[in-house]
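Two complexes come next, and they have one chain in common, chain A, joined by chain B in the first and chain C in the second.
After this line comes the complex of A and B, so read on.
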């Protein structure tokens, strides 16, 4: 009796997460039956690791969308951070901790620049970040002069692929993601900054009337998104051991990050943010893309398949949400 | 407030100021060339309800916005307990314990009721990591709602609340932030009679507890019921201020409408013909209006009077094919045009000039000429499918002369014109199509007094040329000045029809104020 009520409550409040876990698990089980190699430990690890970089970017994107903004510049920020840290590490053996600080710094400064344009000049965020997308992409070319990163110090590789201690079979990037997710959840749910950005996403005029410094919040949120994208660039560098001028932009990670945030239950009109949903959405996308490979779907179909999957999940989530609102009114 | 100051501030609630006196002294406010308020004085006292009364456009809301820090006065000042205040933002008013409950509260749709009450002022706990204290938020929200005896779940998403509930939550917010001065901007117009009673009950209790309250209304009955003091505004001037006992309903009404001023300027000549232009039967669009019947002859000017939200605009939009018809028929002459889309109606000689000129009346960033010719591009001479710029300019120049549009040149955009001249361009555009039926929604909204008269003349000229005209207006004087007949709409129904000499400012206003009394009586009957 009590447990049944508990289950109902969890389903009502965490329905999106439960559904995403369920669909992802079902996909893994079905694929495992069709192709036993799919559930091989190495493949599971591959899918998990494959979702970390996207998750980090998408967490930042979730903050921006929850504030009723959008950030397209995350892709070149990822690439720029990977390129800058990678080239310095390759040629001068940049210590890892400096690379850390450097990538975060790049992201905060360039992200805050986005926020400044959005709030001080009142340019719509999609226009601002479309512009800075090209500008930051340009920085990658200017900095790299056409060279690329092909070898990185061992410490970097360990961060991207290794394990913290032998008895814990979880790769370091996954642990990093879990820590970032916890920090982000605290930030969104339990700080005045987090609640203020949701207020701005709900109704910026009303938020202003309530005494919230809307402009400052906007700048901080874009800085946060830039920081996470840029940090994702460092993780990408460590994981793949390489960086090219098209890292990030080539995979359209800006669009993927928006898509998984929506799949995870954050509405495109803002006002709410579901961070766990975003991470589960990234994992789901990683599993779907790997499944397409295992199902021998020709590669030319991947992009179309990915898009269909995104539309289907977002649509299913919307219907559920509308039904729940109708119920609450009645 | 800077971002850093905001992040460090402990939260709201100056609190502890018992019995505040809040005064507006010689307040004047101008928007560009338009004067909205002139030398208005009002004193709000602790434990009392001050009502600001007036017709639509009398300046009531502007006064409230100034008191709440949303607008700065052009002249005069405000004082709290004898201290002059300068409020730069609504948050500054909150910090002084002054709270405005808006007519239609701004919604934060995705937030819970509890969170919405604390937006911008989240209490935090913890020494090192300041975290939002959800337990305090929930218990304090619950406590305030309980104190007001409001049965609203604190975890409900805000988008599921009714307007009445949102207003009451706003009122609870004022208490939560320990605001002792609470301003209610015309709270009763979107409410049902029962909801009004709930609100008044709460206002009385707050006044009993020594809160300083003020309230906007144009319903005399309500005003007599709830007020201790009354200030009456007309055209931005104070025309009456005293304790309630000094007024009765009739005197309030005549002050609000302005007896002396309004007996003049009736139309001298009517152009009504025998030819039927429009007939509407049983027209219904739930929930806005139902069973609307009327007819209109060529050359006739018909007014639709009523409160904002009575359903007048919705009737016009439905006739013009912008809204779906639930029931009923609309005939243009002898042709049934029920449900015909608007672009088709324009071709058949129907024109609709909406209240919000920017929405679909005028294209503000386009030039005067382009606006005038946009309704009938095919009238511009063409060569091989290309419009003749010269001929287009000629048409524009003629309109500017005919309609006395004041502008620096034909290629000025409408953005650069005053409200009155923008409206003249819109009229020129439609009149040039020689329409059979014109519907004008608030034709002089945002137009200064001088230009108003010119617009009235234009409307009269349209009627003289045989056009049937429907005028929606919230200014009773305007309807008296223009109309052959006036229909009074109350909550989606026609409650009265006035013709010829019967149309006076008093009769028009009384008819829709009377509508509210009829409804209240109905409610009392149902309750008893």
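After this line comes the complex of A and C, so read on.
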């Protein structure tokens, strides 16, 4: 009986994560039976690595959405950070730790600018980040002057593709993601800041009356989102070894990150945030897209697959919630 | 908040809150619309003065509109959706898909181009209907629903286009994009009646009142007996149709249909609608503001290009204008609670520092 109750409790509290893991595993198993190469270690590693950049961006997006905001400017921030660090590394051999600090700095400053506009001037976040999306994309063009990054120092490549220790077959970016996920989870679940941002997402007027510095929290959350997007840009640079002016904006990573956060179980109306769900959602997307490649589906249908995935998972999530609400009423 | 010895700002405020029999506006335009008119004049005069070649006679100025009116068509339809408090991210791919399907019907099936265009408009309505069905029946937020359908429509557009998208439409059809009747471009001749129609729909029809009501407070609208779902269906379907119109006009303008043709439409039209004074949360704004914003941003882009700025700088300026305009609007709001109003009040009466600027 005890274990059954435990399972029920886990399902109720962690239903989204369990469902995502289950569907992802099922997909991997089915594809593995159809195409044995799909479960080859190299491909599994590829799928895992492919989800890291999006996961990092989507973690920041999760914070913003949990606070009932939205951040479209993550895509140009990713591109800007990749471009600035990449060009400096390519031409002047910028040390990795400075690139690290530089990318975080860019993200914090430009992200905080978003937050400042949202909180001090009370402009709706979608309008602010739509505007800064254009402005930050312009920065990429101005900074790059039409050039692009095609070679990066070995240290960067090691960070993007290497292994920390030879006997542990987990690539460094995945370890980085796990560390960031742990830090973010701590921040959201176990700090005053996390509680405050959820309160703001739930009801900002009530949060203000409860003495929460709503404006400050907003600025901090957008700065955090900008920082993570910018850091994702550095990881993107290290992983792919290149950066072009359309990095981030070309793949519509801002829309993907929103989709993944929603798929992961963070409601668009804020008040709750599911960071693990976000990372699992991003992994799920990576597996689905790779599966489409293995099934020889033409590349043009990938974004349709993404769209259907968003509808299906969001719909499934709503159904669960409604069922739970009905249960609560009864 | 209110003090007996009223400062000018709060005097205006209290007067605005009082219901008087003749408390009507003395001027036909709202404050924000006046600002937009001034902006439009500034843009036109400024570029005529600063950028040689911008003003080259009236016909030239009018034909310049051909470059940005496709955005205008989308903006008209998108405003309806934003009035309801929703959003339609699928306008760009709806435009592309329509253009590509019409082109294939004409090229692959040998259909008359005008019949194909008619089918294209119906397709736009259908795509809008799918959006609103997903939103109403599956109860998914408009942002997510149209994000998803936008991905799907985009894929279908690419698939339908194939490797060699058709081009070289009949001249009569191309005239829709680039032709003119005298000095009036056909695009403008199409745009003006549509503007009038949408203005009448929003400002002078029962539907318009209900539309704004739904956006202002959906619950209240529902309890007042408004068929909210019907209002939403009309808004999204019209948004789809207008996106389809934009797709057709773009196809005619380039005499070609490409599956990524509509991509620049989304951000630019969203900027136009918001700059036009429509609240992104719904329930507030005017069609006239949107129409003014279409011409402001359109002429601004054209002027900057003629002045030799790159496309990217122009986009940056557009973004900055979007933010600045809303910031200014929020700083000085009608209720006098904005930061700007407060600072103004402080400057006028330094000792009255009781209220918290928030």
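The criterion applied here is as follows: the second predicted complex is superposed on the first by the 330 of 330 C-alpha atoms of A that agree within 3 Å, B and C clash if a C-alpha of one lies under 4 Å from a C-alpha of the other, contacts with A are read in each partner's own complex, and residues count from 1 in each chain.
Definition applied: a residue touches a chain if its C-beta (ideal position, glycine included) is under 8 Å from a C-beta of that chain, and two chains touch if they have at least 3 such contacts.
Source: prediction; values computed, not measured.
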Which partner does A:61 contact after superposing on A: first (chain B), second (chain C), both, neither?
neither
Looking at A:230, would you say it contacts chain B, chain C, both, or neither? Reply first, second, both or neither.
neither
Quick check for you: in the superposed arrangement, does A:240 touch first (chain B), second (chain C), both or neither?
neither
Quick one: is A:128 in contact with chain B, with chain C, with both, or with neither? Answer first, second, both or neither.
second
Between chain B and chain C, whom does A:262 touch in the aligned arrangement: first, second, both, or neither?
second
Touch test for A:81: chain B only (first), chain C only (second), both, or neither?
neither
In the superposed arrangement, which partner chain does A:249 touch: chain B (first), chain C (second), both, or neither?
neither
A:278 contacts which: chain B (first), chain C (second), both, neither?
neither
Where on chain A do the contacts with chain B and the contacts with chain C coincide?
208
Contact set on chain A toward chain B in their complex
186, 189-196, 198-199, 201-203, 205-213, 215-217, 220, 267, 270-272, 325, 328-329
Along chain A, where are the residues that touch chain C in the complex?
70, 117, 120-124, 126-128, 130-135, 137-139, 141-142, 208, 255, 258-259, 262, 268, 298, 300-308, 310-311, 314-315, 318
Along chain B, where are the residues that touch chain A in the complex?
1-3, 6-7, 12, 70, 89-91, 94, 106-111, 115, 119-122, 124, 129-132, 134, 156-157, 159-160
Enumerate the contact residues on chain C facing chain A in the complex.
87, 89, 134, 138-141, 143-145, 147-152, 154-156, 158-159, 267, 270-271, 274, 279-281, 310, 312-313, 315-316, 318-320, 322-323, 326-327, 330-331, 339, 358
